[in-house]
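Presented below is the structure to which this report refers.
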């Protein structure tokens, strides 16, 4: 059972797998996002409270969920790389950081655009958006630390440790922000009594979430190839890899 | 759909379409910058290989 | 051939600094009562090798063993048994020479102030015992760091350019200390450019780019 | 007769305290910075104590955080520059003991000093004496937590050219929860409501950080010492 895990540790194998999987990820992502957008913008009925403004959740919720998930993936990859000294872990972490940061920014922008009709201002220090903002700071911290070192290997390890320390703090930050200001209306999707939305509203949202996840997979596959090449000494397999 | 066509978004067009647009920009940027960083990595790797080859001779 | 169970062994160590392959499969051994003289032009990784052997730097490939056991798994025990004198004498400018010794040797073994004064006496800087380290000359600071090595009573000495900034008398002192240490069954790994005229078994390791 | 970890810990704390008192002006700088920053707010806003009292907890806490952050830079930098940090790392005790001793000594010299000065600043900002107990208690817990978070940040940014900017960028997001609970506790104490809830959360955060941060800071040092 463990063989695939060990194979995942070898850079040439990861490079080939990433190159092979990328088209599948991208294709499926296009399909699911396409369906989600059409379902969400055209067929889903307007919300009884917010009217058509609620359609922003079809981009806000997936990017918000992804922003935290990608940070967690980055932290897990960093922990694996630190503990077992697997260089591919650093490559995955370095590749995930910009994607996660851009999705966090997307969540922030769409969240404040969604807030305007509801609260009358673009920024009302809503706990969910404030946590997203702090998450963006954590991403920027990890990325700038990685690039601050001349020796890339040390930059990787320093950023990896910061990612692990950061992921421990994400729930703490979120709890403290919510404790500080419980103004935000309960999230329509993840609530105790299950989604308040009708199925015609819900399915497009789940499809968008799946689409964004697959899209993350696709971009990760591209970036990981670059990061693996960068970290790979002048070993034989790199020569073939560059030709393709 | 109430008042105005699909594009009117029930009066919230000013908020919905910029969000969709910005989401598109973020997705496209991700793909573009990923491809660019992969291409740059390949060039750097080939240059390093060439240097290593010249040192070996 | 004495197997390396009672000494230090470096086995095909590889280290990269960014793209530079600094240490390319370096291997060496030194047993009780022996000294390993590491020499080679500047920038060939002499200091890097010393940092790998001391356990500060983790090599990408290869292992270092002390008394037959890898230093990674027994890091703290191993580091308790060694004394490391870096190229720059590591002294706090605001503390006196005696205080510097008290706070660094004191981390490894309980030692009385008199023992520390004797060590400073042995390296000829007893007069500076109560002067802040920042007012000492480079030679005096080197002698204080040598006093620290003696006071630690470690079995393994790792010295990076111990002869630097020393006059003839100082160099003579270093050679005497090394010979005395090795004669009592100690081990030493010395990085130095000059030839060591020592009356003990000296192994050579030449690092080239 | 090797030295036990506990002895090495206290020896190192003594060393740090002695070093700090050899250069007292370095101790004063964060305190003066604390006073200056808090003076800015009345000048920028208004001198009515009633208005100042509303924002006093936030101002006091932000100024305390920034002053403590300012002094974190010296935690490992001077030892790293003159090579003594390597000697400590090779002392035969785990890096965790080294980091724990240095961070505790750093807090005693900077964080506690901020706490002792805070009544002056509190009065200047119109905080009633009745709230001083909570203010001092929350600041003590807050600065200790920040010293530990800062130890991780400082460990990661030794030897970097513009390390202190990066240090703030790394540590401040992690310090936001303690600012929320700390300022929240002080604010409730001023308004007369019971600050126990916020204080307990701050204490929990402090205990959590004090137990995990030493290992993270030791790992950070091991990375930058390589």
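The letters A, B, C and D name the chains in turn, as written, and every chain counts its residues from 1.
Here is the rule we use: a contact is a pair of C-beta atoms (placed from the backbone, for glycine too) under 8 Å apart; a residue touches a chain by one contact, two chains touch by 3 or more.
Since this is a predicted model, take the numbers as computed values, not measurements.
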- Task: Would you identify the chain whose Cα-based centre sits farthest away from the centre of chain B?
- Result: C
- Query: Which pair wins on C-beta contacts, A-C or A-D?
  - Reply: A-D
- Query: Can you give the whole-Å distance between the Cα centres of chain B and chain C?
  - Reply: 53
- Item | Centroid spacing, where centroids are CA-atom means, of chain A and chain C in whole angstrom | 49
- Query: How many angstrom between the C-alpha centroids of chain D and chain B?
  - Reply: 41
- Message: Measuring centre to centre with CA averages, how many angstrom lie between chain A and chain D?
- Response: 32
- Quick one: which residues in chain D touch 2 or more of the other chains? 226
- Message: Which category does the touching pattern between chains fall into here: line, ring, star, complete, or other?
- Response: other
- Which chains touch? The pairs are A-B, A-C, A-D, C-D
- Message: Quick check: in the complex, which residue numbers of chain C touch chain D?
- Response: 54-58, 76-77, 79-82, 84, 86, 88-95, 99, 103-104, 106-110
- Message: Touching residues of chain B toward chain A in the complex: what are they?
- Response: 1-2, 6, 9-12, 15-16, 18-20, 22-23, 26-27, 29-31, 33-35, 37-38, 40-42, 44-46, 48-49, 52
- Message: Taking the touch rule as given, give the residues of chain D at its contact with chain C in the complex, in rising order.
- Response: 1-3, 7-8, 11-12, 14-15, 18-19, 22-23, 78-79, 82-84, 86-94, 225-226
- Item | Contact footprint of chain A on chain C as seen in their complex | 16-18, 21
- For chain A, which residues are in contact with chain C within the complex? 150-153, 233
